[in-house]
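Labels A, B and C are assigned to the chains in the order they are written; within every chain, residues are numbered from 1.
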Amino acid sequence: MEKPVTRDPGFYVMVAIGLAVMFIAPVMLDLFTIMQITQYVVLSVFALSLGYIWGFGGILSFGQAAFFGLGAYTFAVASINMGSTTIPMVLAFVIPTLFGAALGYFMFYGRLSDVYLGVVTLVVALIFWKLINHTAGPEYSIGSARLGGFNGIPSIPTLHVPGDPSAWLDPGQMFQVFMGFLLVIYVALRFLIASDFGRVSISIRENETRSSLLGYDVRKHKVIVFAIGGGIAGIAGAMWATYQAFIDPNSVSMEMSAKALVWVMAGGVGTLVGPIIGCILLQWLTLQLGTVDVVNSIAVLGAIMMVLVLALPKGIVPTARSLLLGGYILWKRNQGQAISGKVVKE
Amino acid sequence: MDYTIVVALEMVRAVAWLVLLASGLAIIFGMMRIINFAHGEFLMLGGYTVVISTGHGVNEWIAMLVLAPIVVGIFGVLVERLVIQRLYGRILDSLLATWGLSMLMIGGVTMIFGNSVTGVATPLGGMSIGAYQVPRYNFVLIFAAIALLLAIWAVLKFTKAGLIARATMQNPDMSEALGIPTRWVYMATFGIGSAITGFAGALLAPLTGVVPTMGVNFIAQSFITVITGGASVITGTLSAATLLGSISQGMTFLTGPVYGDAALLLAALVLLRLLPQGITGRIFKKSL
Amino acid sequence: MTTEHILTTRGLTMRFGGVTAVDNVDFNLRDGELRCLLGPNGAGKSTFFKCLTGQLTPTEGKITFAGQDVTGALTHQIVNLGVGIKTQVPNVFDGISAYENVRLSARRKHLAPMARELTHTTLERCGITHLAKREVGLLSHGQRQLVELAMVLAGEPKLILLDEPAAGMTGDERDRLAQLVLESARSAAVVVVEHDMAFIRQIAKFVTVFNRGAIFREAMIDDIMQDREVQEIYLGKQANVAAA
């Protein structure tokens, strides 16, 4: 775990897979499929935001959609007003980050327990959802952008080349840019987690008391981790808004927060690849089930969540990893008794 | 003058409302330190019990006061046996599991009854205070909240079950060591908390109508009331409900209902920054 | 109050509900002094330590460390002034390696290359270099104690608080520990809580005895060993049992 990122072969494999998908998919696949998988890319960024704060900061947010929605609405309002998408994208990171820092200040400097933290994050997202839902009237506009309440905001500009608002990206290019975002965020998080800051976050997750007994300010650390997670969720929200060219309060809903949790749980807490895999797998599953009319998608999400908690608490990736590791150890043991004897002695 | 009375009455109603919403949740939180994230759907289940049973010709008061608590109480016991008891000691997992349950219930009920609002007639009609028309049902809510708190207080204070409950609340490990079967206590707690929630859900059915997703409208208020109140069931719920109910109702009078909830949250956040264990974590520590 | 005292408490009191765990304690520790704290279980030694490190906020009284009033300060603030503590139950990061555990402490004050160096030398000093790559959660109790001690030492504190450091250690490990404590006392003030008399005799000079949250006796180790009343509070329980 303490290996530098640059010496971890898994890291290169992931980046290589990412780059391969980024450049080969647009050539191989038809437009419709590309647009479909773009959705997975966007939601994977959202999954990463929660995977990071939960797995590497020990902060379980039940309202991660608040940041996703805040980023989406920030981007929508800013891009409609400015007619450009570059600065709005930056704002969609900055504003949720600041909001995360402010909320984090109240929660972590107040030293709220886990349960309280869960409830507060959930309620924040819920109230944000309620507020947005009530902004249907024309009096609720920011500049030339009407918030639209439960109707949502239509005609959100498509992403364009920075500095040239007329050079819109076509769906293939959009896919590649978003894959780029996902890769950059993944790589940045890997390095962040391996940095001194990241190691301290992990130590806080492991044992908060000891971290403060070593002189680390646990509260400050958690606020920063939480804010970074918020910023990444905000970017995902902005990507979602420009991808759909539309945003409505569903992006802030409890269902959205729950989805992120389920992806991370399914993929495995404490990994970065896990949340991405969980996201793709479960979104694909939802899509398949969506074609069956009888089954309600929320019921399915709920059922998966319960099953994950009760039956597979570690998630797919760590479970697979320990299975593989177990197999490897068994295999090694069969290789020669002499070696294993030595290991035991040590 | 009349207006003042009406406003004051609305304030009291708002407080009573929060007490009803949060009491069942508070009992579970006080005893087990977990929040039932499916709380909103337990309310919904209480509402549907009223709709279905009155639809079959049952008297509406019997449906609200008797059937709803029983049905939801039994459901709560089942949930505790099948889900919660597997997750003792894993607090966050129990939150996740109950959230999963919440979505399963919303989806399940939608599949059965469809996603439409079923109205329930408000009993008793209205009365006038001066020029203002006030629903008599408001007094039912206020009375129910008072009766509920008194009942909880009496049970905790004067019965053997209450003594066991108080002991478990104070120190679960010690109670276990003294031979109190904490697992049964938890099951009973969850059942009773659920029954009270079912009762609350039944009472609010005439006001809001019943729909599978109705729970989401109430959980923010319920959760905030319970965690700002802290671990003591009666003092915590009452003090938090009074404080938050007045703040949100005051805000509603000033700006309309949209910001009432937001004000509630903001007040709760500031309060929790100052008193991280809730009101009864610092003040009124030894109360029930 | 003289300036050569690195740590003083005045009227330090900690109450939990009706129980007074620490009762009006006036404690003085000179810079570079090695002090042992004795006392039966429940005498308030661990609570006293928790007050000193800000894990508990004392009900009353004042704590001064290195000339600064630290009463009510937060744990990390006090630690950053130069206090290191090994808690009674090993308080380590179970999921990560011993090396990483110690490095987290060393990195607090030093840049990465220096921290690496310091981590290696500290592991060496504590005789646990061979455990560096092992996950701490999988080590024995005694080994975890040594890892925690290494973490404390790597923070280069001016005051070291050790709460039952010898518990769960083998004879060899305990000898090394005694050596380490004596060594550390050359560069820092050390307070050791311990029940293991063999260990105490290896290191102790001046001893403070706690009983029922208050300071019961302060004297040289030899006098303490002879003290009938001290023997009584330690043996009281057995004596009572025998009488009954």
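FYI, a residue touches a chain if its C-beta (ideal position, glycine included) is under 8 Å from a C-beta of that chain, and two chains touch if they have at least 3 such contacts.
If you're wondering where the values come from, they're calculated on a predicted model, not measured in any experiment.
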item: Contact graph of the chains (line, ring, star, complete, other); value: line
item: Maximum inter-chain contact count - chain pair; value: A-B
item: Where chain A and chain B are represented by their mean Cα positions, the distance between them in whole Å; value: 33
item: Inter-chain centre distance, chain A versus chain C - centres from mean C-alpha coordinates, in Å; value: 43
item: Inter-centroid spacing, chain C versus chain B (mean Cα positions, whole Å); value: 48
item: Chain A - residues contacting chain C, complex; value: 1-2, 196, 199-200, 202-203, 206-207, 209-218, 346
item: Chain B - residues contacting chain A, complex; value: 29, 33-35, 37, 83, 86-87, 90-93, 95-97, 99-108, 110-111, 216, 219-220, 223-224, 226-227, 258-259, 261-262, 264-265, 268-270, 272-274, 276
item: Of all residues in chain A, those that touch chain B in their complex; value: 60, 62, 103, 106-107, 109-116, 118-120, 122-124, 126-127, 130-131, 134, 254-255, 258, 261, 265, 294-310, 313
item: Of chain C, residues touching chain A in the complex; value: 53, 55, 74-76, 79-80, 84-85, 87, 91-97, 99-100, 103-105, 107-108, 112, 130, 151, 155
